[in-house]
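In what follows, chain A forms one complex with chain B and a second complex with chain C.
So, the complex of A and B:
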């Protein structure tokens, strides 16, 4: 339990009503989407960078850990208060400060919900492409801290590709600005990129300068069913070879299709072993031509069926297939380990085959779907945690999946980050020297280890190492 | 022994919550007060903590559980379909059992302590005809929705009808011999505050030649009691309505109030198999009229000029049952209506039964989010299908300095129907 003196000091910084030590509140800020739970000692809701800076000064003076938290929707535990201490909630910093159509930039506070910002940009005829599945509720601060991705990354890239500058409260309480307002800028280290994906370990983001694009005129959605995963993978290559970069190239494997069919009764033929949802956007005439060309190049690759949306409602019907995946999974088993590996896109079929073999070896259903266009596969290991010994089995399967991913030249996380759930596996992917380099940065910027300690790197607990 | 489920009976459903946080996007209260204890995920975590006895059912917990409109939006969008509204209702019943109804249902002291949340007592009742209100039966939901001294003076409330709707009509109004007999469940607000909606329903049903049964013994739908955690009253009302609607065996029981539809159609059914027959016959009037082909009949009527611009607000209690198309179809077909879709039509109005009594400030803020959509639509009339929403929307419109009048879909539908 924290000293009453610390609580009083926090109350002086952010105001009495914005500090709570009641058990009910601490429970409400003990979890995120990993479903793990750690009780903090106190929850604070600061209003601005100045207050956050003072909280960090106090935390350093008192050696109390601070865990920044946005919407608490992360999948790897980045915001979990694993060591008690202070949960610092950024949702009160929720203003869209400006949207500047002349310079195609916007400035926002970190608590703005991603979709709400996208809608505001669209009203001005502008476009913010990153679209993590959680965009209706996750916040931009969290998106930057985790470098969120999404289906549209194939064409438009990830969160870090749209961040020009930041205001950050450093672990020691300074308020700094990184980057700027301009498309170009090479003065000093690129701290903006360093902050993107730093998972709240190197600073607390308090302002974000965002790059925007003009809003594409129209989009067109297609659903293509293939008789093999190789056909679908081949289609991805052929589309690229035809010099078309679709907005999204989402795929679902045979197990996923089976799941959705069984859970929802949706009309998906038994002969379909893979699904691609392809969307193109841009000027109306161009996307019509692109759609036609795509259908031409995929035709010889074992296409079972093709559905092309001509209206927004039909497009919605197609996306419904994808959206029904997650709710359908629970019909297989109640719990899941949700990994988000990423391999070079030509390696997707090989990776799926490896995962299928691992699923068979451990007799655990594994469902694969995700972003075929960029090789980012959501590997869902479906288990019933009530079954004794199942978690250990799943852990072993995950380790093998990661090993296969790395062997194929991939990475163990495309968009969810490391947090605590992937921390034990870090040595499998990163060289000891690279880890030491990263840890040196963390140690220098946060000598008292008070900002989101214990994330990304495990200090002395169990880790998995690369097979030599 | 209570027929209603205990909080502990929801253990399995509570454990279905995977903490994904999707409910944050759909909770109208969370949009105003971004504290985790407000949103479904937080409430489910608290309910779990209560079951595990990690926390007590103390004043703080009572205040947290009061922060819910029971609109069902979170359930509607939950990937795992965790019934948070039912879980909260169960928690409220537990609060009532432990602390008595006075703590929750008749003036939540912990919340009332905040002066901003509860403005001064409305003894004189500026817009509220208190004298007539005394004539409203004690078990009416209106007493839970507007506990006399606690209604904010700031709120605009329609006057109480001098003669309630049900007292104006015989219990049975015969129609065509070959047409079915349908029952009309009026609900308290139609009966006492908006009798014109009742008249419009009656006119539409007679236009279709229906035999109409309006049991005089019918009571409140029970939803305000569900919201207040008053389980005993819910059961008493269910029994009363079961008896009232068991005579003459009507094919359907029609509601013109979205909330009554949920109270009668969903909550009563949960009380046990003996209420199955009552609950499963309940149908929303818009759905019924569309099924009976009224849209085509309306469209065949001569057009009227000049037309009025009309927009529609989705009551949560219809939207979460996927009833969104039918009221719009009826409006679009009505002569003299130029239908315009407004932005945020599906946003909650913020009333939420007892919620607006204890949290009028938050309720008003949620309501205020409707105002830009209404203003931009340039509608003359805002139609809805729930008298609760209508009252709240009119209050919102008045506070925003707008001029629209709020009206029930049925009032527009029935306007040009000719009956003998």
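So, the complex of A and C:
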């Protein structure tokens, strides 16, 4: 347990009612979407950057680890309090400070829920493209810390591409501003982008300046069912070759389709072995022609059926298929490892073949879906945890999947981050000198290793007590 | 002078004919576009990353500064050998290694000239948007190191937005790969973006993985002359409000127009007090409608004349006006300070008014042109160096311009970087804690301060001998 003195000091900083040491409360902040759980000693809910700064000063003085947390929806354990200590929740910093249509800029606090911000922007005729699947509950601060992606990233890029500036509390408790609110800026090192995707290890985000786009005039959604995975993969290449970058190019393999059909009864033909959900957006006339061209290009590639949405409701119907994937998988098989590898887009067919071979070798069902347009495939290794030895087998399969990914010029994580679940595999992807360079940055900015220690890089210079 | 032993070691690393200590040769590498000159002790032309790595190992062992250099076309002295030592020229690493249309990716060495790469991409139906004015001679390595911009950045973003991965020789001589060739990737800190715009102080770029776009189908160029600067500025806002982001939105003020008219005899009416060059690109049908809409939107704002290019030759004619700006200014007034401030786009009219007031106060002509679409204005302070005391006056004017820029939420540099010319002003823009955070990164990665020392941050921990 933490010294009572530290708890009292925290209470002085954030107020009595914003500190909790009750076990029931601590359990609520002990887990994330990985389903792993680590009990913190204390949970604090600061109101602003000044309070967060004071918490960090205290943490350094007392050598207590601090684990910043948004909605706790991460897939790799980035926010888990693996060493007890303090969970610092940013959800009280939840104001949309401004949405400025003249400059296509917004300023928000980190606790704003992504979808709520998107809706506010759309009300002003503006557009915030990043759309992680968790957008209904994940926070923008978490999105920035993990550099979240989503289906629309094919055309529009990831969270990082929309972050112009930040206010950050450094590991040592300074409050700094990075970047700014201009579209360009090259004064000093780009701490803004360094912070994006650093998984809360280099600073705690307390304010975010966001770049917006004008809201596209219209969109058009298509569902195309193929009789083979190769046909669908080929379609992705042909669309790129036709010089069209759709807004989304989502993909589901045969096992995914089966799961959705079984779990939901949705009308998906048995002959369909792969699905693409293709959406284009922009100026009305242009997207009509793009949709036409896409259908022409994919037609010779074994299309079983095509559904084109003419109304918003029909588009909704198509997206339902995609949105039901995760619930369906959970229904069919509650336990799974979800990896989000990313390969150069032309390597998607080869990658799928390799995953199928690995699934066969280990006799574990593996379900693939995701963002084919940018090569980011969600590989779901379906396990029944009651089966003895299955987790070890699954881990061996995952290691082979990562090896294949890297061999094809890919990365272990397109959008979920490293956290703790992928940390052991870091040496497979990054060379030791690059890791040393990164760790040197971490060490110099957080010499006491108090901010989110043990994330991304496995070994640490210092270790702390585990929570009781 | 450097010890003969160091020269011999350099000759062993890169070969006898790739090392020069001749004064005439050293003079060639003593300057850049700032017109400042610092004589290096020796100039080396390595062939590859391995040789560069060995040079860095030697530099650390001998505590000799190394100044990496591409084409030496920078505007802020980023490549100047301010402390003698070694100039390391990267122009021999000049291969385009591959252009991959299936994955919309290219891989190049840093010495490739930007325009040559753009042309090679276009030949493959692909598009590399960043277009700094120096593109005919500047290198991609320099573009990345400075995070170069250009007119097309309004729509397409800056160099950084197109860099997926790098190979870098670290200040201590390790060769590391950062990022990758996938569209997404969140494994470890984003060293790629940290390197972009770090002005050669954190590593020497030896390979670049570039993201490409499909080449737009068509483009349309328009020249619109306004009877007031406010009309042109208002036009920029109205185009944004109409939800159109043009490819370029270039701006020239009355003094710029006068200079071009005087120097070239181009037909530009005397009543024109501001010019916008507006280009849209994309699908043919869409850009016709966008061009139409833009002309409708700007018409009530005091338009003196409109020229719309229907052919490539006519588009060329319009761009000639913009391209002749720099030569015209030089002809009218050979000495000038060129600053590239950037403000939120809605603040452009206010910024121009402030610059005009400062010009009047100091009785120095100031010419404004640049990228109005993203608020990036090139402010040219015209001086006659023969006039006594004029440089001091100009510097006072620059400081006032920077103060106004920052007051309006802008930055001192949109695309030129800090180098040595803006280093004294860093404390005006960045708070001390942010500078400390940046310097901590520099110090830990370059403990001997041998790689491009004295750039960006004025004070340094260690100083070296000046060249003879």
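Everything that follows uses one rule, which is that the second predicted complex is superposed on the first by the 457 of 468 C-alpha atoms of A that agree within 3 Å, B and C clash if a C-alpha of one lies under 4 Å from a C-alpha of the other, contacts with A are read in each partner's own complex, and residues count from 1 in each chain.
Following the convention adopted for this analysis, a residue touches a chain if its C-beta (ideal position, glycine included) is under 8 Å from a C-beta of that chain, and two chains touch if they have at least 3 such contacts.
Computed from a prediction, not measured in an experiment: that's the story for all the values here.
When the two structures are aligned on the shared chain, A:29 is found in touch with chain B, with no touch to chain C. Once chain A of one complex is fitted onto chain A of the other, the partner contacts of A:72 are limited to chain B, with no touch recorded for chain C.
Of the two partner chains placed by superposition, only chain C is touched by A:429; chain B is not. Of the two partner chains placed around the shared chain by superposition, neither chain B nor chain C is touched by A:365. In the superposition on chain A, A:244 makes contact with chain C only, while chain B stays out of contact range. Once the two complexes are overlaid on the shared chain, A:445 sits against chain C while remaining clear of chain B.
If you count the residues of chain A touched by chain B and by chain C, you find the higher number for C. Legend: residue contacts after superposition of the two complexes on their common chain; A:15 is shown touching neither chain B nor chain C. Once chain A of one complex is fitted onto chain A of the other, the partner contacts of A:84 are absent, as it touches neither chain B nor chain C. After overlaying the two complexes on the shared chain, residue contacts for A:136 are found with chain B alone; chain C is out of touch. Within chain A, no residue touches chain B in one complex and chain C in the other.
Across the interface of their complex, chain A is touched by residues 100-105, 125, 146-147, 149, 153-154, 157-158, 160-161, 170, 174-178, 180-191, 193-194, 196-198, 202, 213-215, 217, 237, 240-241, 243-245, 282-283, 285-286, 289-290, 342-346, 374-376, 409-418, 422, 426, 429-431, 433-438, 440-445, 456 of chain C.
Residues of chain B that touch chain A in their complex: 18-25, 34-37, 42, 45-46, 49, 54-55, 60-61, 64, 79-81.
Looking at the complex, you find that chain A touches chain B at residues 22-25, 27-35, 45, 71-73, 91-92, 94, 111, 113, 115, 134, 136-138, 326-327, 330.
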